[in-house]
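Below, chain A partners chain B and then partners chain C, in two separate complexes.
Showing the complex of A and B:
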């Protein structure tokens, strides 16, 4: 639903994102800017849960600014990307300090119940000794697996739909794993004097890749193939904007929950700035009754 | 499954003269209407209002807490807090409790030095700045009426009537909304309650019963 995509051109990087703020079937706002200017030569385009998106990107922005104040020079794009990824990775596994008392006891209960079940002498109903032994060892194995499975399956189910995410994943993760991850996907575009333009693909489970082109959301199904087909390294700004428009057209015509408006931002040697808006629905300027 | 939408209808919009805030007053527990007279517009301070959608206790407590923080800000900085600041305070608090089951879908409406301000804040920590919002299970119905009748340059009476009408239409179609449609206005001198009309009475005011001619009458059959 939240479409973010971008790619690298000749001495610049361009990112585009949709601008609708949605809650289940309602569009609360269709001019929400999701591409934050991180500093003079970096852009961070984020998609994901509304609270996480704003809070996490602001946190990254303030920390990047702090580095510049402390050290007198700005971070490189690669450093900023690795910092962002590090924060996502930490949040994925870190223990919530307040819940440290509650969660272990819950986990302990699960483990204890498992142990009780396996400790129950089911095997007394069996008469043959070898079968009895095998059965008993099987039960102990089950108890050990229960604990490991809680962890494994909670993480496996991270890929389910966003709505189920909140109540069948975040809550159990919160209770059983004590993890409070940020559900945000990020494309970080930047320009460095030494290395030129670069684009980093950062997933919500802290994947990091330096890429030439990347996309997130349902829109990625359409924009990735469009970019694969028409992208070549060293595109001019005109060619790049043309490709971005092609992708937007494709998303608008083929995606069932297509967002109406997009914002395009560009970063090159002159800095990070807004390039254009592509609006098909104007917000708050509704035709009078 | 998908968590059911917060059972209420609240709306707020910015127009030329200020901010108009309106809400219904029904509290429902599943299919049972537990109250028809809940105050869903919470007075944070004399120039800022908050609306309640979701958990009543959560909204009341955190708005009260926000009021305390705003007052402390005033005392510490010798000037009133802006609507931007107040909504950010609330959003940060709610964000720190995310995943723990708070249910809050609120709008912070107020008038500060920069003019009228309206922010939507929810329990996930999301915060949106806008001109028109509606929150709750009846919000899609209210949005329809609100979007269609909205003009930036309305008078206070016209805006109040639009807000009242939108709440009425939402309570008509949504079972979890009803009771009394209260309308508040936030202007440069603070907020003022404009009206509180029972939606049942509003129905007959908008759609009065017309005496209609009888098409067919039941007549006694004579004989066999």
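Showing the complex of A and C:
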């Protein structure tokens, strides 16, 4: 499971992310860099579905660069965070064009299948004429009943589901069946000359909040608690890396599907750069042909 | 909650994802203009989107009409915007509080599709709304002055959110009367102190009655 966490120190912000690219039970690679350098003084650490993650962060990176080309000055961290949030929020409610055809046809499908089953010409298997006639009329009656029942039950089930599971199902159903959101959770770390370092927590449903420490994924259960215990404002780089290592140790020892390798990146007045890798499993070198 | 020519609006400060707390300093109450405050509970992303849309509409209104929106008008605007999304709603419940003509306080709340609920005394919204109803009903009095209103609102908020695991971590309280507004943010560690102070206040009143 993808673990991303970060926090703000004295004049810098540090983010760490795991580096395993996983597909169901298979680990494709364990040196995938999930922290993208957005521009000279911003880092975007993303976790979530791989395709969305790469595509969305590249989209944000190119748009941030475009702003700089057009206007001659770079975006502030707050502006970049709000732009990212805006893109996620727009995608959250934009209904996929094909989905408009799918949703109303669900009821129709239930009715249609019911009609097919009930209208099957069973009377073809009978040879005696009077019995055949009786059976056919009975079948027509049953088909009409089943048709009505199918319509009734499909309507009742859908309305009942709507009522009872308002928050549990309706929002995810709306998101997953109709809308086409990006399933990426983002921690945006940046340094501005005027406001100093900052860290923004951006959820996949576009919740934006400026935080001092944040984390995503199963690893957040461990890293947030470690940070709650050991974090204080104005930490030095050494103290910060020590805390990051503590969180990584905790994740490695307590998470059942713990990712083996992590990358740590830091952003301060000198820019955004890679600080270190914490590897416990190295990819085997490819043998030369 | 409504007082004498003033109103108070309060919220908790927790931002969470189901059982996990993400932040303890989340701002849920926004100022639309000096005499109109909007509190948005529910899904944080929809609260932020809705707030941005409403501020945009209000700024346009200010440019066109060259004055601030009345609270009743703003409530109608919020209701209309929420009902626009009837079949794909914003999952948030707004609480609107403002001072109308002649400094008469106006409060209302709505559900997530814009059904307005006007009240003369108090309105509540959020996950702790049932406990808030109980606490406000028992603590509310007609015609409270701003200081007493602040105490009442903070007590009601604290005692209700203490019974709800999804709310808490302190509170924001805004008390607004004409020409000024009093704000107070009390953090989690201070909440017990305020409780103690207010209990003494209530005891004093009881002694006077006896």
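One rule holds for everything that comes next: the second predicted complex is superposed on the first by the 200 of 289 C-alpha atoms of A that agree within 3 Å, B and C clash if a C-alpha of one lies under 4 Å from a C-alpha of the other, contacts with A are read in each partner's own complex, and residues count from 1 in each chain.
We take it that a contact is a pair of C-beta atoms (placed from the backbone, for glycine too) under 8 Å apart; a residue touches a chain by one contact, two chains touch by 3 or more.
Keep in mind that what you see is a predicted model, and the values were worked out from it rather than measured.
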First (chain B), second (chain C), both or neither touched by A:208: second
First (chain B), second (chain C), both or neither touched by A:40: neither
First (chain B), second (chain C), both or neither touched by A:68: neither
Touching partner for A:10 - first (chain B), second (chain C), both, neither: neither
Touched partner set for A:76, first chain B, second chain C, both or neither: neither
Partner chain in contact with A:180 - chain B first, chain C second, else both or neither: first
Touched partner set for A:55, first chain B, second chain C, both or neither: first
Contacts on chain A seen with chain B and repeated with chain C across the two complexes: 167, 171, 174
In the complex, chain B residues that touch chain A: 2-3, 5, 91-92, 94-95, 98-101, 120, 122, 124-128, 130-133, 139-140, 143, 147-151
Residues of chain A touching chain B in the complex: 21, 23-26, 28-29, 32, 49-52, 54-55, 163, 166-167, 170-171, 174, 180, 283-284, 286, 288-289
Touch list for chain A against partner chain C, complex: 85, 89, 92-93, 95, 167, 171, 174, 178, 201, 203, 205-209, 211, 214, 220-221, 224
In the complex, chain C residues that touch chain A: 15, 17, 20, 22-23, 26, 43-45, 48-49, 88, 91
